[in-house]
Amino acid sequence: MDLVAFGEGLIQLTPDRNQRLEQAGAFVPHVGGAELNVAVGASRLGLKTAWVSKLSDTPLGRMIRNKAREHGVETKDICWTDSGRTGLYFLELGATPRNTSVMYDRSHSAFSTIRKNDLDWDAVLSGAKCLLITGITPAVSPEAADAARLAIQTARQKGCLVCMDLNYRAKLWSVARARQTLGAMVPDVDILVTTAGDTETVLGITAANDERLAEDLEQRYGCGIVAVTHREGSTVWKNRWSALVRSGGVTMKSRVYEVDIVDQVGRGDAFVAGLLAGYLPGKDLGRGLDYGVAFSALKHSIPGDLNWCDAADVERLLAGPAPGVSR
Amino acid sequence: MDLVAFGEGLIQLTPDRNQRLEQAGAFVPHVGGAELNVAVGASRLGLKTAWVSKLSDTPLGRMIRNKAREHGVETKDICWTDSGRTGLYFLELGATPRNTSVMYDRSHSAFSTIRKNDLDWDAVLSGAKCLLITGITPAVSPEAADAARLAIQTARQKGCLVCMDLNYRAKLWSVARARQTLGAMVPDVDILVTTAGDTETVLGITAANDERLAEDLEQRYGCGIVAVTHREGSTVWKNRWSALVRSGGVTMKSRVYEVDIVDQVGRGDAFVAGLLAGYLPGKDLGRGLDYGVAFSALKHSIPGDLNWCDAADVERLLAGPAPGVSR
Amino acid sequence: MDLVAFGEGLIQLTPDRNQRLEQAGAFVPHVGGAELNVAVGASRLGLKTAWVSKLSDTPLGRMIRNKAREHGVETKDICWTDSGRTGLYFLELGATPRNTSVMYDRSHSAFSTIRKNDLDWDAVLSGAKCLLITGITPAVSPEAADAARLAIQTARQKGCLVCMDLNYRAKLWSVARARQTLGAMVPDVDILVTTAGDTETVLGITAANDERLAEDLEQRYGCGIVAVTHREGSTVWKNRWSALVRSGGVTMKSRVYEVDIVDQVGRGDAFVAGLLAGYLPGKDLGRGLDYGVAFSALKHSIPGDLNWCDAADVERLLAGPAPGVSR
Amino acid sequence: MDLVAFGEGLIQLTPDRNQRLEQAGAFVPHVGGAELNVAVGASRLGLKTAWVSKLSDTPLGRMIRNKAREHGVETKDICWTDSGRTGLYFLELGATPRNTSVMYDRSHSAFSTIRKNDLDWDAVLSGAKCLLITGITPAVSPEAADAARLAIQTARQKGCLVCMDLNYRAKLWSVARARQTLGAMVPDVDILVTTAGDTETVLGITAANDERLAEDLEQRYGCGIVAVTHREGSTVWKNRWSALVRSGGVTMKSRVYEVDIVDQVGRGDAFVAGLLAGYLPGKDLGRGLDYGVAFSALKHSIPGDLNWCDAADVERLLAGPAPGVSR
Amino acid sequence: MDLVAFGEGLIQLTPDRNQRLEQAGAFVPHVGGAELNVAVGASRLGLKTAWVSKLSDTPLGRMIRNKAREHGVETKDICWTDSGRTGLYFLELGATPRNTSVMYDRSHSAFSTIRKNDLDWDAVLSGAKCLLITGITPAVSPEAADAARLAIQTARQKGCLVCMDLNYRAKLWSVARARQTLGAMVPDVDILVTTAGDTETVLGITAANDERLAEDLEQRYGCGIVAVTHREGSTVWKNRWSALVRSGGVTMKSRVYEVDIVDQVGRGDAFVAGLLAGYLPGKDLGRGLDYGVAFSALKHSIPGDLNWCDAADVERLLAGPAPGVSR
Amino acid sequence: MDLVAFGEGLIQLTPDRNQRLEQAGAFVPHVGGAELNVAVGASRLGLKTAWVSKLSDTPLGRMIRNKAREHGVETKDICWTDSGRTGLYFLELGATPRNTSVMYDRSHSAFSTIRKNDLDWDAVLSGAKCLLITGITPAVSPEAADAARLAIQTARQKGCLVCMDLNYRAKLWSVARARQTLGAMVPDVDILVTTAGDTETVLGITAANDERLAEDLEQRYGCGIVAVTHREGSTVWKNRWSALVRSGGVTMKSRVYEVDIVDQVGRGDAFVAGLLAGYLPGKDLGRGLDYGVAFSALKHSIPGDLNWCDAADVERLLAGPAPGVSR
């Protein structure tokens, strides 16, 4: 297995574009969850990928598992339970000056009841090249944090890389708890993905710019790779999107993409998927950066959490902008 | 106020007709909940009606409140909270031999955290003619059962009639708990609505037929009015529907309706709404029975929990079947 | 031209199946109107057909004209106006015991302002074999009745057959006005299409059965052909459908079709279309009856006013029931 | 009652985004009407609000009433009638260079038949702080203008503020009629809301800029408050939006909002709602301006006439732009 | 692997229920194909299942592969190609007397270009317990027939059971070609599934009833198991459904199910899936028959080719009819 | 006939906006094809127009014919066949940086089997003022190229103008084949419509700018009129759009339009339609240019291949930008 992602699977319910939740006449379901989004993206880009989680054995739980399988993600190690709900979240798409907004309904989920030994981590990570976790899992419950810690520890023992996306979620826990919990995990991380905002919130670190931030993170935590994504723009339907990576004292900056935004949810996850799919096969970090930014730029154009693009789409984009309609 | 209904409000999410949940491409939201369904129906039939409940102060909670208001139901006494979820349930419409099926996702709801004094029952029931509760509320949580008991007790002190629909929900509690809790409530009920099945489950009473059952219930519990609804038919899209009422030792049986079934959810609630709207104004129980059965027969033809018919529709149906298209 | 149909074109707005109007989340538009439905059906069955009317020069008026053209109906003689609305009607599909119901919003339409000389009847009917009118047009306005009378008169002068479907619409006028107006027109009709109910209402004639009714009509009015359609069944989703024709003292009865009902609106119009398309080419009345009943039986299976079947579908049905799925 | 709004309620029918009317495959219904939009917005922002009107007693008329109730607007004083239609309008959403366009189908509506004494103005305005009318009502029919005049006169007698949005509608009446009718009403207005364009058309007043315009209006008509909204931008999907208010010789200018446009219909009405909801409680005109512009800026992001935002949304926007997705 | 299914994957495009193709406003895509339907059903019922085929490497080809994966079907041995189309078929749902009808658009598909050695049959069938083919594959092209023959031959060499569903498709080939091709294959079949109609068409065998037919087939071809499904009923929305199996000279008849029909496409495939899933694990043919008929009865209730039920649904149905809504 | 357009008709299938094909939950069908798009546009703008083609006699073939008729295009000379498919294409709408993309499924279509004498060109072009062909038809098959050549030749013999849109389609043929085939056709063209890109690809001609290009084309090929359209802009949702025409040594440049892009497919065809509809009646090339650019600018705002605008829309746009909503 190239990649094992561990985290919660959720069902996103979205009203038809730009209706408010209170006004909704129909909800479109999308399967997602940060780590699952990474797994699906990495699988579509060619990595052999597994996703492990805990799901309730109901049609909704199975809908999540099915969607992972649809994209070729291995799901055999999922822990199934008859208790606990399926986590939901409601997404309200915005338009300037009204922001896109998420309303979670994920408490008491099956995943939140996970115990660290619900999964046989030795087996799950056997032969894995990389473990992907995010800062969301420890926020779900103290026991989920325990499971994340055990996963990291097992990975390190096996020589499996640990990739972590910091992903602070203000609606799930306090800054204080996040700092204490995640701060203690970062030193064990090989590939750290973050943003200026999350770094300030979770690690209390600010810097003049993203380059300085990456240097600082590399020095403090000794992460092999630090990646920082960067969003610019003040409107809801249009952004500029880029990233940089730092490793071994060297920083590389990506191309900056203009993006039209259909649905930005999952762009960070798409970056991680692209970074790993570009980097892991040949340990070429430049290719990792290119893939990460291009794949996440493409994500903005697709409704739902998941990025339905693939390596051919990324290569086409990296080769330069195509003129108009392709036919 | 003619009627005060107390219970939980839920949002029903249904895939397009006959898709299974696991297969769903879109969910249509409908607002419902047994007592709210009764309140909406009674309001549409002309009663001055209020609905009291506890809701989370979110777009989904407000969607429920809004829908009650849309039908003219008074909602000012609802208790709002910032904690607790909005109860959901997923409805899968069937086709013979696959049954229509409900999957609840209502645990940890705002309503389940209700405390008996969250509502000022004296104020809520001030001037009310009738209180409507169902066997669902006590099943939600022991504290909700306490609130239901206090509501009944307050109603009786004020000379307000108590109407109860027995409504056993196997997915919410055990037969043993239901028997103990509801069995103790029935003696305080003035108008008892039930079915042969629920009576057997909840009260342990069986009878040769619905007439005998009504006699038995009248004798044992001294309810002023006993109403029993009756469904016949072995297919999902077609039933025969009728009811009887017993009061003061006299039983009246209704006309039997052939019904095509678009969505049978809420048919029992529509019966209660019709019964009360027909009976309460002039204490004419025959009119109550006619209204109850006709209004609930009409419910089968309408998607969602709520019955969008009104008194004119009921009168038209009671006047006899109309030929073909009305134009 | 084989057939010239004269009447109003309307836009039907229907909520998704079985939603009530008050509840509607979306309306599907269908173009219709009794005479237009006949014209479209006849054109699809192979007749050279024109439809004449008066329409407002708005997107909605053009939508009606476009739909006629889509089915190959000649529309060049339509009278266009800048004043007057486009007639609408709202259709609520039922389920036993709630009837399918029509709510008209057609008053003040462009068509209702028609004057008898808005159309150059000599040109319109030049070379036409048959004129089709219905009892709806005279109900729209006295001036529309004048136009219908002038159309009939011109047709007779030119040796063009006059076919009339009695079509009483209680929501448009009183029985008294209908009797006076339509009763005076029937003697000029060559092909009269009616039902037992409409005949009683409009002409005050009742009979023991449809055979007797046809005999009676033939004798009283001297119509060359009398056709009577017949619906049986007490539920909204299922009927039995048949017809008979009488001509020259001979009565022929059709096969009786079991029909599942998706949308029965336009079934009578489909009968007229089939009758004319079967009869006119070779003056074979038996073929007219077969085509009429089969084409209208098929109509029940199709949403909207129009019958999207064609001669091949009719021939297939007349050849006998096909087993299951055709593939 | 904080606010009583008087005007016509309409049903908007819109094809799926950017389909033309002639092309429409489905129409989505939205309830609206300028004064109703203000009432709904004000109610959502916390004012105790009533809407009075005349409606036809049909499913469509009830759909309008229901929608007002859904948002907590008091509807008990509506005058119901069995004659007259429900006003409709068809909305075609544009994209540069094709403008968004409205096609009215509101003639012969129940509201157009209103007589000034159909409503008991003394009762309707009893205890009301503010009456809201717009320049649309007098355009509907001379009798509706009479009713508007009587409403204003009654309000003044009772010490109830009169707020008027000038709202010229070229498809309803001529400039000449508008000038004569509305010009005579403005002197009785306490709070006048307008735009540079409407002011020029209806009052024949032009000025170098909006500040001068407000000064001029204050001087000529003695209105206590003059508010002028201002739209900039030459494309259909993007605008800049702001306003100013003038009172007691002092002018305040609002922040300018960049807006992405989902549906701009009802933005002016949202401004009035925000202005009144911000101003009336504490007579703080600065807060009125802030609320008015913020609430109307938010309106552009929501499909339909109504603004489904509330005070919390406004406060969040006034507190500054939030970064990206809130979760 | 318990089961390896070999055949073409198609995308079904269906207009909203009961619209005709010519009238369609939107097409809903469903993935299907007889052998894929069996594979999905068997996988959902618990068998370890693979599906092998040839697909074009396009979004539509991947959509088919993805859907198989979504249901846990192994797809690693699919042969991908850059030439050839994805087979489509258009489904028109009927209503009595208009039959449900299929219009194929599958010619020139990638699958029709399959060569017998495109798949490494030794590897594909390594360790497989059962091979499933149908009479459709040989009809697609002579080369596909070659591939089917090689698959059967390889299976027999490996001691893998061969299951064949006769499935005559009149729109794909002539009776003469079918008889010659399929007739030569049947002697190599271990488990033969058919209907009276297909047996007569393809094998020229008729019998007084299904029992006699099974006896005859057993004697002539020496198949270990013969299964015959049986449909009764003359309307489109309602059927009676049953089957029998014969093995070792013993015949077992199933329960007869009343079925409401949402979409009957794939019912035969569901029978095969249930038969194999019931039979293969413990070689209990009675259980195979029960599972086959119950699973296929349930299929009628679900839109699309695939049966989204599972073993729990089957067990629930076999345990007896459930009363009303389950909640 | 003012215009006869010859080419293939296709059905476009598009997922709901911005869903990818692989992800599609529903496909919306639009009828199109370059020459049909021109015919429909020209007919809507007032030209008497015919479209000739070869179609399969199936519901999909009839859907194409019907759509042409819906817009008033004469279709009587279409050649119908029982063999061959209906050409399809799947359209994926993009968002920067993902381009809008077309996936053809048009091979083996009925049209690709056309033979040059399938149409009676003498009759088809009898009395026609202008023949419209594009570079797509010769790309479909060598026989279609033959038919195009015969059409051109017949037109020239009859003194009918030949208009050709160069329209290179890389997915249909190679540059080499296109150059050879189209290069030989251009000298026979009276009105040549192209872009800088297509001219370079097909004719191997580049120029410093569009003015020079038009001069060059006029000199080399002696076309009476050369028109060059011009798109600027690097994002998917926003472009600048203009054109120039050259005739008799004089070049005219159009106004430049900012366009919001709903669906740009068919913009070039809309230009041709506008050019011909503006030019042909009075031979006023300036009007042709104005109409061409305005009509195609408007096309961007409408979903599907066809431009549902008309002459009134064009005149309104030419008269200057309208302010906001028209009501």
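We call the chains A, B, C, D, E and F, going by the order they appear; numbering starts again at 1 in every chain.
We adopt the following convention: a residue touches a chain if its C-beta (ideal position, glycine included) is under 8 Å from a C-beta of that chain, and two chains touch if they have at least 3 such contacts.
These figures come from a predicted structure and were not determined experimentally.
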Chain whose mean Cα position lies farthest from chain C: A
Which of A-E and C-D has more C-beta contact pairs: C-D
Angle (degrees, nearest 5) of the CA superposition of chain A onto chain F: 120
Distance between chain centroids, defined by C-alpha means - chain C, chain F (Å): 40
Inter-centroid spacing, chain C versus chain B (mean Cα positions, whole Å): 44
Whole-Å gap between the CA centroids of chain A and chain C: 61
Multi-chain contact residues (two or more partners), chain C: 17, 20, 22, 25-26, 28, 66
Touching residues (chain side chain F, partner chain D) in the complex: 17, 257-262, 294, 297-298, 300-304, 308-309, 313, 317, 321-327
Footprint of chain D on chain B - complex, ascending: 66-67, 69-72
Complex interface listing, chain C residues touching chain B: 17-20, 22-23, 89, 94-102, 104, 169-171, 197, 231, 234-237, 264-265
Complex contacts: residues of chain A adjacent to chain B: 13, 20-22, 24-29, 58-60, 62-63, 66, 85-86, 88, 90, 92, 103, 105, 107-108
